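A single structure is presented below for examination.
For clarity, chains are labelled A, B, C and D in written order, and residue numbers in each chain start from 1.
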Amino acid sequence: MDLRFTSEDEAFREEVRAFVRKAVPADMARRTRQGLHTTKEDLKLWNRILYEKGWAAPHWPKEFGGTGWSALQIYLFEEECAAADAPFLSYFGLRLLGPLLYTFGTPEQQEKYIEDILSGETFWCQGFSEPSAGSDLAAVKTTAVRDGDGWVINGQKLWTTEAHYADKMFCLARTDTTVKPQKGGLTIFLFDMNQPGVTVRPILTLDEEHSVNEVFLDNIRVGPEDVLGGEIGQGWTHAKFLLGNERVTNAQVPRSKRDLEILKKIALMERDSDGVPMLQKPDIRQRIAQIEIDLAGLEWSVLRELAQGHGEHSAPIASGLKIVGSEIQQDIATLLVDLLGIKGLAVHTDREQANDLPADAPDYVVGAAARQLFMRAATIYAGTSEIQRGIIAKQAFGL
Amino acid sequence: MDFSLTDEQKLLRETVSRYVASGYDFQAMRGKPVDDPLNVSQWRTFAELGWLALTVPEQDGGLGASLEDVALFFEEIGRGLVCAPLLSTLLSAIIVSKAAESPTRTEALEALMGGEKKIALALEEAGSRHDPAVLTTRAAQNGSAAITLNGRKIVVQDGAGADGFLVSAQMPSKDGKAGVGILLVPANIEGVEIRRYRLIDGRDAADIGFENVKLASESLIVPPAEGLSVLQDTLNRASILLAAEALGAMEAAISITADYLRTRQQFRRPLSDFQVLTHRLSDMFVKAEHARSMVYRGLSAMNGPQEGRDKAVSATMIAIMQAGDFVCGNAVQLHGGVGMADENKIGHFYKRLRTIGKSYGDFNWHMDRYTRQLTA
Amino acid sequence: MDLRFTSEDEAFREEVRAFVRKAVPADMARRTRQGLHTTKEDLKLWNRILYEKGWAAPHWPKEFGGTGWSALQIYLFEEECAAADAPFLSYFGLRLLGPLLYTFGTPEQQEKYIEDILSGETFWCQGFSEPSAGSDLAAVKTTAVRDGDGWVINGQKLWTTEAHYADKMFCLARTDTTVKPQKGGLTIFLFDMNQPGVTVRPILTLDEEHSVNEVFLDNIRVGPEDVLGGEIGQGWTHAKFLLGNERVTNAQVPRSKRDLEILKKIALMERDSDGVPMLQKPDIRQRIAQIEIDLAGLEWSVLRELAQGHGEHSAPIASGLKIVGSEIQQDIATLLVDLLGIKGLAVHTDREQANDLPADAPDYVVGAAARQLFMRAATIYAGTSEIQRGIIAKQAFGL
Amino acid sequence: MDFSLTDEQKLLRETVSRYVASGYDFQAMRGKPVDDPLNVSQWRTFAELGWLALTVPEQDGGLGASLEDVALFFEEIGRGLVCAPLLSTLLSAIIVSKAAESPTRTEALEALMGGEKKIALALEEAGSRHDPAVLTTRAAQNGSAAITLNGRKIVVQDGAGADGFLVSAQMPSKDGKAGVGILLVPANIEGVEIRRYRLIDGRDAADIGFENVKLASESLIVPPAEGLSVLQDTLNRASILLAAEALGAMEAAISITADYLRTRQQFRRPLSDFQVLTHRLSDMFVKAEHARSMVYRGLSAMNGPQEGRDKAVSATMIAIMQAGDFVCGNAVQLHGGVGMADENKIGHFYKRLRTIGKSYGDFNWHMDRYTRQLTA
């Protein structure tokens, strides 16, 4: 038992910090701090910068472009990125499809797709959720019907994040309606978003921002080379593979640490009617303390998971991280808006000029209200808190 | 003690619920500029229904409704998620009616009742944080000559489309003591600069600058000796009415969520088969009942002695905000992804509650006010 | 709509107050304030005092010894009793069996039992819960088997409050195992506790106090005159009748108001290490404020129910009152112990001399820790909070 | 970073879990006076197992275990709900070992290790509220002559059966500055008055009065110049060890509750069929994981720079108390009536957690200490 980072780890952190702080463009950093959804341009640019450094996907195996860092080092890297207000890279290629491809993809698929994911040349979206398949992926209704040596896909996907940025989709579809979805009835297909038959309808979320979409798939033709892994019926296995990993990432500790740091600075600038900085008010101090303590525990829970090495995440612990991490994100976003007083009522729309904000509002007001509203989704997306509790009851207690 | 409604109260509520049921479309109305034909015609209807006359005294041709009546009215407004500058208008009428008889007073009340003009409350400033006594806007007057106004107000709710503002300003009273006067300032006169924007609940607001704005002495609606107590009373009324609106919104959100649980299928069962979801709904019910009781209690206190009102109103608002966060937050949660779509109504109850929680006093402000008055 | 007490009500309150404040003996008042379970002597004495005034059961119909007061007046009476530190009268005769008797009892049963309940001459206990029938009364296993013109009762009752005080039990038993308990399989019998075959085993609760018991029933013979209402198979109906009433009473508003009043006085006397009264500390003020506000809402919810008149309680609202009322009792009891610092760690046993308490501990420390521990039961007894939420979901929403 | 246990650590934990598994009976032990044969024999076993030597330095014949080791030990003690004055003893050894070489020091350490004597910490006073610097007990010394002690300590945990006390007292240091000395005071000497009582978790405590108690100068274990920093360090260690004990207790309570849900039938189904109950259990699991992480974090801080320790330890204790209330409170709740019976073990986890939450710093104290050190 050694409950400290090694000096090698600390040296590593310094190295990463030195690079990252210089590498993030100032205007990109400002946009990240404002808490709005990252623009496609920022995603592409930051991805390219990291790619050129060889750091776009540290968590990947080295042979596919990863860095060979330990899980703890990857965590330190993510923390430094967050501390430097770098945006998160697009999730769907680097976090979801990439690992699927290098684990299950055919050599041709790996050859064709992986490098472009790594470089940010190709953006992907995840076609899993549907109108009647939210928490319950087994209820997917999108069909892929055999047609010659290929398939024809029809259906409707919902809550598709970044579908409007994406060049391609990896799409879960029913390939066999005679067997259970869990028993070989589902398959993941890879195809272009930019083709006739794919229609993307923006869905604004409560923040009035555009990050998710409805995607209509109308007679999309795919060939045998577009079947993930080359074998029909593996969709359920592939989908499950993604889940644990997603939940650990969803703890979002580095981002929340940075957000809380910013929040405290704002609490020093905002004042009550007596001119006292909000940070000096006992109730505000106690709320901040509570969040700090909750976040500290979450961070050490993540460290405990990571210290065990790659990919061996315990399902109930990962679910717990997701529950707590999402609540902390909500708490921070809400407290920030509370600190802003009535200025926190203004919705933004224009992130560069924020000309629809109160005239006296400082820079940090820009995305605050919007982010608070969007963060309601944190306990919903990637498995609701209720779903996570069910996983814990089942996996930890067999209930 | 009698919690049952009079026939008049029932009727008043019915005019609202009937209006909402007969095709009121929240999604069509939110974010619409005040001069949009839909808004213009809606406002005309409100005037015809008598809603805009509710708080105008009977001797001025209004309905002189009691605070209870208006609260019941706002409960239905909340239930229907009606997006309109009703609160500003009804509060403005209360303040204006306190002015001494004058053509300005008469015109303003007529215009408010008739729906021809809208007046918004310009009280908050960058440093005020809901305290009406903390302000830097100043009005100067030489004897009974014209008044000069300088200052800046922020987040004036319903301010983007208002024809005039009731502006609080520091000014000495006749005996030379410091005071806070309330002035009626037209939106379109020289020196008034309006910066318009939207709030999260789909309504509008404005920051308003006043630079050497010249006003007739009649514009002084409430003299500096009385301004602060009028403002404090107005803020308490505003809070209670918002609380009532919040209550209606919560109950609507619960009812919509119950329907959703009954119909939405996941894992081949209706959501209502999942005990954690139905028990959450039960907790939402309990919180809303608590909120309802606290609205009644607040109303009761507003009819009681002056010294108990501030504390009771803050208690009501604290309860409303906590219940509202829980009820409307969970209404979104239980809707899952669907609840996060702005095109679905349920999230707007949440946004309205969030807005109410920062209007005329936020949680910290009410909790501070309450705990200051806590006694053993 | 008139949201104030009438002047008649206020005058009534004054009248009650004048009597009650004088009538409660000082030592009894002190024991009540200390928060321990009421002694049998205190129960008997206070019952007798109220009986002689004609106020022992204000909620009963006038013809059976009630007062004819309105529901709101009864509430004011209870509030004044609590404010004067009067103990609650024994629940089982006055609140449960009494109403059962005057509603369902045979004329002979009414004649035989009611007056003695009213006067406190006879104490009753409720034989409902069993080892495997806690929340689920339908699972009652105690049997009453026909024997001649009577029945022989065998079984085991659990959590029987005041069984050690009680002269008699009203006991739920299976009289017909061939039909469902809900469909005529259950009957309530009335019998003496003081007979061979009845064994009372004390069960100490977490507070190390004796208020509940296990009761073993071994071949208890009862006759036809001991069947509540005279008719076999009505047990389920009778049990349901008790539920709504119990939940409204369980809001415990008058007691909690008084407890909070006492708590604030204690918060003024207890000081932190800087000598600042706890009542002046911002976090304590906020906790007290929160409880006050929760309790104010609960009180007005009770008033709303009561203003509708006798006995027409809405099931979901009554369940809500029980949930909130029990949590408030827990909050007050816990905050009180928090205020006491480490003195709040001492268990009491001797309520008169408290010679097992810290030497410097003031009078108010006596029952504080014990009450906090016992109050954990508040969300369990009389229907757990989980059971209440189920009732709300069903009754308010049909779910 | 490495969270895995060394072989020695595993072994240490196993000695505890094996002891508990081999017939340790919490119900038989709680509330037993210290001179009860069961207690005497248990304590002898603890000495034989080496537990009482854990915190005695190796050069003094002890095991010199690290804080991590001792925390892991207490985690198992908590899991087994072992009711014994272990913490007082192990903390006393730490303090005594700081004394300069002397027969008193040697004898005390030997007696502690051997289980022949128990020493309790007499630090709290009526007005101290956990602050070791706030005390009225005074020690006076003329040069190097005998010391006279006067004062009163309250709620000295494990004090009823202790043979001696480590008493904090105001006394001037050699250069005349005010300081806090720590004195070793035998229980049975003149002027020591002990009032014994029980705590809610089945352990004992005492209030102790000192009236002109005469002590040899060797009794001054820690001189006034160092006393306060030793006490602060001791309190941090105490908190971390209690946190570890609380963690073990929580995990045991969760495991027992999970078993209960599996077996207890209501409405003709096992309780585990009710989703609200299993999800509650999941939340308990999440809280306990949080608690575990905060124990590790606190331990890590105690190995880090001095200035970060207080804040980190308070963070750990805040997390522990919140998790403990939730976990052990709900363990009782999910057991229903059964959980309320003192003869059932589950409620005693709750009582132990309540006690831990008031030992060496309660919630308010830790939250105050934490928020005072909050920085932007």
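Here, a contact is a pair of C-beta atoms (placed from the backbone, for glycine too) under 8 Å apart; a residue touches a chain by one contact, two chains touch by 3 or more.
What you see is a predicted model, and the numbers here were worked out from it, not measured in a lab.
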Winner on C-beta contact pairs when A-B is weighed against B-D:
A-B
Longest centre-to-centre distance from chain A, chain (CA-based):
C
Distance between the CA centroids of chain C and chain D (whole Å) is 38
In angstrom, rounded to a whole number, how far apart do the mean CA points of chain A and chain C lie?
52
Quick check: how many Å separate the C-alpha centres of chain B and chain D?
55
Scan chain D for residues touching two or more other chains and write them down.
274-276, 279, 367
Quick check on chain A: which residues sit in contact with 2+ other chains?
282-283, 286, 386, 389
Going by the contact rule set out above, which residues of chain A touch chain B in the complex?
129, 132, 134-136, 138-139, 158-159, 203-206, 208, 212, 271-273, 275, 281, 283-284, 338, 341-347, 349, 356-360, 369-370, 372-374, 376-377, 379-381, 384-386, 389
Per the contact definition, I'd like the list of chain B residues that touch chain D in the complex.
274-276, 279
With touch defined as at the start, can you tell me which chain D residues reach chain A in the complex?
1-6, 9, 68, 258, 261-262, 272, 275, 278-279, 281-283, 285-286, 289-294, 296-297, 299-300, 303-304, 315, 318-319, 367, 370-371, 374-376
Please give the residue numbers of chain B that touch chain A in the complex, ascending.
124, 126-131, 134, 152, 154-155, 195, 197-201, 205, 207, 209, 265-268, 274, 276-277, 329, 332-333, 336-343, 347, 350-351, 354-355, 358-359, 362-364, 367
The residues of chain C that touch chain A in their complex are 282-283, 286
